[in-house]
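Notes follow the structure.
The chains carry the letters A, B, C and D, assigned in the order they are written, with residues numbered from 1 in each.
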Amino acid sequence: MLRNWTQRVTLTDIIVWALGILILIGVIWGSIVTLNTGKYSTSTWIDLTITGLALGGVYALIALGYTLVYGILRMINFAHSEVFMSGPFTATFAAQALIALGWWNTYPILSLVIVMLVSAAVSASIAILLERIAYRPLRHAPRLVPLITAIGASFFLQYTFRGLYGSGLKPFPDMEIFSGFWLIGTVRIFKTQAVAILGAFIMMLVLYTIVQRTKIGKAMRSVSEDKEVAALMGINVDRVITTTFALGGISAGIAGILYLLLFPVAHFFMGFFPGLKAFTAAVLGGIGNVPGAFLGAMVLGLLESVGPSLFLDGLGIPAPNQLKDAIAFTILVFILIFRPSGLLGERLTQAKA
Amino acid sequence: MTLLVAKNVTKRFGGLVALNKIDIEMKDNAIQSIIGPNGAGKTTFFNCVTGFYTPEEGDILLGEHNITGLSPDRVTQLGISRTYQNIRLFKNMTSVENILVGMHPHLKAGLIGGIFRGPLTRKEEAEALKEARRILNFVGLKGRGDMMAKNLPYGEQRRLEIGRALASKPKLLLLDEPTAGMNPSETHEMMNFIRHLRDELGVTILLIEHQMRVVMGISELISVLDFGEKIAEGTPVEIQNNPHVIEAYLGRGAASGLVQAAA
Amino acid sequence: METNTSFSWKEFVKAGLLGGAVAVLLSLVGMVAAFSGRYIVSGVFTMGQVLFIAPILLSTYAALRRNRQLTNSNLFMAGLLSGLVGSAILALLVLIGSMVNLRAMLINASPELYGILTFGRGTGLGIVILLGLGLLIGAAAAGFLLLPDRIRHALTQAIIWVLLIGLLRDLIVTVSFRWGPLSSIVRQLFAVSGLTIIGALILFLLVGGVSYWRWGRPKRDAAESFNQQRPAARWLTIGITGLILLFLPLILGTFFSEILDNVSMYILMGLGLNIVVGFAGLLDLGYVAFFAIGAYTIGILTSPELGIATMSWWEALPFALLASFLAGFVLGLPVLKMRGDYLAIVTLGFGEIVRLLVLSDWLRPWLGGSQGIQRIAQPSIGPLVLNTQQELYYLFLIGLGLVAFIAWRLKDSRLGRSWMALREDEDVAMAMGINHVSTKLLAFATGALFSGLAGAIFAAKLTSVYPHSMNFLVSINVLSLIIIGGMGSIPGVFIGALVLIAAPDLLREFAEFRYLVYGALLVVMMLTRPEGLWPEKRRQLELHEEEPAVVPAAD
Amino acid sequence: MFKRSYALLALLVIAGMALAACGPAASAFECTDALGCVTVGPGEPIHLAYAMVISGADETLGVDSRNGVEVAISQKGQVLGHDIQLTGEDEGCSAEGGQAAGTKLAADPTIVAVFGTSCSSAARVAVPLLSQAGFAIISASNTAPDLTEAGNENNHPGYLRTAHNDEIQGAAAAQFAFEELGVTQAATIHDGSLYAEKLQEVFATTFEEMGGTITTTEAVDPNGTDFKGALTSIAATEPEFIYMPIFVNAGSLITRQAKEVPGLEEVRLMGADGMFSPDLVEGAGDAVEGLFLSSPDLASFGPEYQSTFLPKYEEMFGTEPISVFHAHGYDAANMVFAAIEQVAVQDPDGTLHIPRQALRDALYATKDFKGLTGNLTCTPTGDCADPKIAVYESHPGQFPPDRIWP
């Protein structure tokens, strides 16, 4: 093995490794310094961790959409970020209506369910339309084509919703039941955060069972292995793919509501960056792999919220949190270089590009 | 003298052992074949030789170079080129361009040359073009030069692929089922063509082949693979009455299905 | 052959629904209202009206075309049906709007919009008018189809040009101000908004007549004719275009020069990205990074503000180019081993990282942070400082010529072949002895170089750079224009830039919907004409590969 | 295709030649203005233009101001018997956008005045061009000090603004914090926009001059959502006060999240007029309690804004104001109308002559102009915003907030 390695290694590898190691050293050094200065207390770190996990929860739910679609079609549904935006953006109106009805805080759970249904329905239908109109005709085209289409669709949707609902901010009303926090020992965990983390986890389990245990899940897996064969075995490939998009849409819709519980402002641009992060998360965990998406999202959320203070602060970088997106993307790059199949590996057989 | 030496080459995919301690030697200017049921590891062996896979164990030597684990482009530059079981041409480039790409290792022009097209570059390109046409004629594609590769009929695509492989002036040419999907007469043509190649250009040729007629017809030495093991080696006659081979082909026919699924 | 007269009504209902849906969408995103202020023919009809009529008309017409074989009477019936359905949807919108306040949710569902849709006749009468209009549209579509080709062609041309000139009214008038006496003359044809009726008539007859007359003469589309010309003729064409380009700013003035500068800047970037995406098939979404690096290098080296160096623009240029070229290499190294679609996202990430870094307080002492870099030097030739758009246009022109030449040369070089081979089949390309990493790197770095050049001139043009200029949308603009123009096609880049960059600059209402339209264009393009407006010669069929993707945008 | 269009252009010209005889008759009015005059024929509208950001990430800023201008126009109806035509260009909140918009508007001699730009980066490039063209330029949201700093290369004749110079507002904020609240340890947050970055810088310098200490400066992403990290690192420096002159979106989220970060529960937050919006109150929910906002003195701003402006705005655009500089746009427009009415010369046939230099002078001379954003009085370099900065304390569900200082 080693011998082969020595023979195969090229200049590029060396440089890439050098870069990687350099960054690693930076990270470690930064962390050590930060921890030594003791600028942050333990409870601070815990708070950041919880925040990160909550954020990760949201990312996870979006990432599931990417992962499902990628798993089946081997394509990055770039427009998934807008699928994510469309639901909650619309749901804010439902929320306003519920307030007008006076249900919002009298039947909080019911209201929440309604809002989630609205959000999920919108997101799902957008996802299905997207597949039907933009992707299905291109299923056999070279892989660059659907990707470009997806990018186009993403912009089209973003600005369509801007046109429909306007470019202003749509605040999402607070829910009394979710205000405040629980004290677990000395650790404060805000109810919204708890909901986000739990919601994500449950959704992940549900999807996982659907994919692994149910009939449609079986069909999905066989389609992802080989569409032609699946078709021969009497599986309705189109229906399976539509279902997949629908599932992705639903999880995105629900993600949207959790997102609004945490960050109660909706606008037409809200999908873009979370979408990008979620994709990063999906790759991080091993795209096409449902638990992977969850794990990846959690890790990413964690690194994003803890990273700047831990790594950069120590290096004496001012306003480190400005660079947290940079951290996320750097992670993406290096994951793809050193472990392209992600933390848990790509569950589905991967096609060569 | 021997051109290619593969010493106990072993390649695993996870649990599955695709090649297990394979030894194959090839003399200069020989025509040899590898046969075996589907999934016996024939193509895997090709991939090891051409550098797409790095075997876990064993060495592959081309002449005096140890090419084990070299990247494909290096291997090609050292003088091995191949064709594919399912034809893989550059579909949207013309035949000539396909050949020209094949000649890549022997051309120099880089970024600067490409931009300024100095006398040297122009000369090189002109000669390359002439050579390309010569090769086209040689493989019997005269006048097809400017056709999009994907618009050529099947047989001609095969020939173009071989032409492309020849363009890199290989010492060793690996042909992966060159007669696949051909009717008897085409097959016959192809056999003659392969002999012709060896005699005219002095290339050493290693075949993967299913059609026994072809194998027995043209190869001087045959190695039989089954489940990644070399179960026999010898002249056509020896192979024809080797019990193991017969077993491999008739006896466990059913088994081969499974292996196929795995590989 | 016998013409079958039985046909499915469903198809035409569908067509109507589609047209109507699009019309409603255009209304609700605000386009109709936004363009309703812009008369095509003053006092007669506005672009807004065109926007909600055209979709129905077109989808009806398309449906009819698909069923040419029908008997005339059936064609008319079908047309009426489709048109009616389409307008019915609009009518429905008006009706609902008049009953419930959609505006609580859809901000553009304004009384103004209903006013436009009902031609200011109030709900009741308006709806009737709308439906009538629908029938009219249907009939028109059918009638149009039945016209002799020659006349239909002439009509189409005439209509298109009236629309075009009507839309570009402001532009033409503004430019005409430079033409002294002529200006007043030209303005005779135009009203405060759009053409005057007389102007429209003149134009209509003019264009209609010309195209009627030209009918039958061998007409090849631009791409073909250019590709087919003999070298000599080709050089001539190039020469003439060159001359035109040379005098353009003098004729058109600053207003146009500004647009020309922007267009040429995007062409520069387009040509670069075309090498990466078009030739080598690497989808790079972080292309703006190299643009930024080019611009900032100039800024850092020439601006006295940061006090790092105060070179002249020319002195700084080589550094800028080198920097972007190297950046191309360094950023390329890690990502080029990745699968195509990963590459897209990672490069996007790189673009963002660069933007975040130039924005960061951390690097502020060297890069100016959010305050950017001002007082950047402008190139000077002897005593003459190139500081107006006209002058800088020539700088762009030179850069453009150089870059276009390089791209064109590389296309058919050994390197170009290797790029295409990699694009077609990476494994095989490697088996042909092509080192995929270094070859891809060259593509990446060359592309970066061009982008860097664009950035350098950009910095000079503005004498300042800000992080906010370096956002993702720039990459999207460039990508869109090479795709619309035709991936891998050099003339395609020019066409794409003219369409995508000039259009929003010329039509101010459009600016607001720029990215909406870009997005739609990308999707429609990929669905119907993936090879672009001016396809690369060899590449023409490339993207149709395994299966013809010729499918209507929706059905 | 394109060659054809040139041919067509030529043809139009020739066709026009024939009509050359009947040109418009010259009017009796003698224009003596240094910058020349705009002549508006009878029945023709007065041409005003805007150069604001109406697409991309920052569009709310521009669209909102433009809406403000349009409200003013529709309320005004006519100026001296002429309609008002508003056209405009997108300046993209960027230098290049500013240059494009500036160049295009500058080429149209029928324009009387330009509203804009939205962003200071665009202004630095666009204003010189527009100034050259002889227009009056009024920005509703530029706040960068250099634009109105006498002698600064970025200060140009004919440029005015109704938005607050960062110098004034930042200083006022610092004064309030140090003298009124008596805090000495303050942290600042900006979002990488020129506006916020400059404002917090001014605040910091003034605050330190007064003897306070800036514990840290954090920067956040205006499109970001999770600011706990930034807030935590601020908390670690134990400030008593946080100054965050950013915009509504990030502003409302930070206001919320600050309450959830240990060590910051009691720390007082303060924003600037970039956050002075009903959306903030909604977005921040209960957390908004006790948030300070600096803004022009609303003494004159209150009733009229609520009673007439907001309803009109919502009627016209179907939404509440989407950003914060609509009132500034509204005032800018009314200032221009007033100035035109003051300087324009009207022929008996209704033709209007607007001397450009005189118009500028009239605008610079604006004094005690009753606007939505306060009593506007312009300085010789064009700062027209009401110099009286007031500080407001927000309470849940209440807008405008209570004025508490001075």
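Simple rule for what comes next: contacts are C-beta pairs under 8 Å (C-beta built on N, C-alpha and C of every residue); 3 or more make two chains touch, one makes a residue touch a chain.
Please read these numbers as outputs of a predicted model, since none were measured by experiment.
Among the chains, the centre nearest to the mean of all shown protein C-alpha atoms is found for C. Set side by side, the interfaces A-C and A-D show unequal numbers of C-beta pairs in contact, with more at A-C. Distance between chain centres (mean CA atoms), subunit C to subunit D: 31 Å. Chain centres here are Cα means. That of subunit B falls 72 Å from that of subunit D.
Centre-to-centre, using mean CA coordinates, subunit A is 37 Å away from subunit D. Shared interface positions of subunit C, i.e. residues touching 2 or more other chains, are given as 106-108, 359-361, 427, 515, 542, 545.
The residues of subunit B that reach two or more other chains are 71, listed in rising order.
Among the residues of subunit D, those touching two or more other chains are numbered 57, 59, 192, 217, 219, 318-319. Residue ranges on subunit D touching subunit A, taken from their complex, read 57, 59-60, 63, 192, 217-221, 223-230, 232-233, 235-236, 248-249, 252-253, 256, 260-262, 279, 282-283, 285-286, 318-323.
Across the interface of their complex, subunit D is touched by residues 103, 106-110, 161, 164-165, 170, 172, 174-175, 177, 179, 181-182, 184-186, 188-189, 192, 202-203, 206-207, 222, 244, 253-255, 257-259, 262, 359-361, 369-372, 374-375, 389, 458, 461-469, 471, 473, 498, 504-505, 508, 511-512, 514-515 of subunit C.
Looking at the complex, you find that subunit C touches subunit B at residues 406, 409-410, 413-418, 420-421, 424-425, 427-436, 442, 446, 538-539, 541-542, 545. In the complex of the two chains, the subunit D residues touching subunit C come out as 1-2, 5-6, 8-9, 11-13, 15-17, 19-20, 22-24, 44-45, 54-59, 85, 87-90, 93-96, 99-100, 103-104, 106-109, 121, 124-125, 153, 190, 192-194, 197-198, 217, 219, 317-319.
On the side of subunit A, the complex with subunit D involves touching residues 39-40, 43-44, 47-48, 51, 55, 166-169, 171, 173-174, 179, 181, 188, 190, 259, 262-265, 267, 269-270, 272-274, 304-306, 308-309, 313, 318-322, 324-325.
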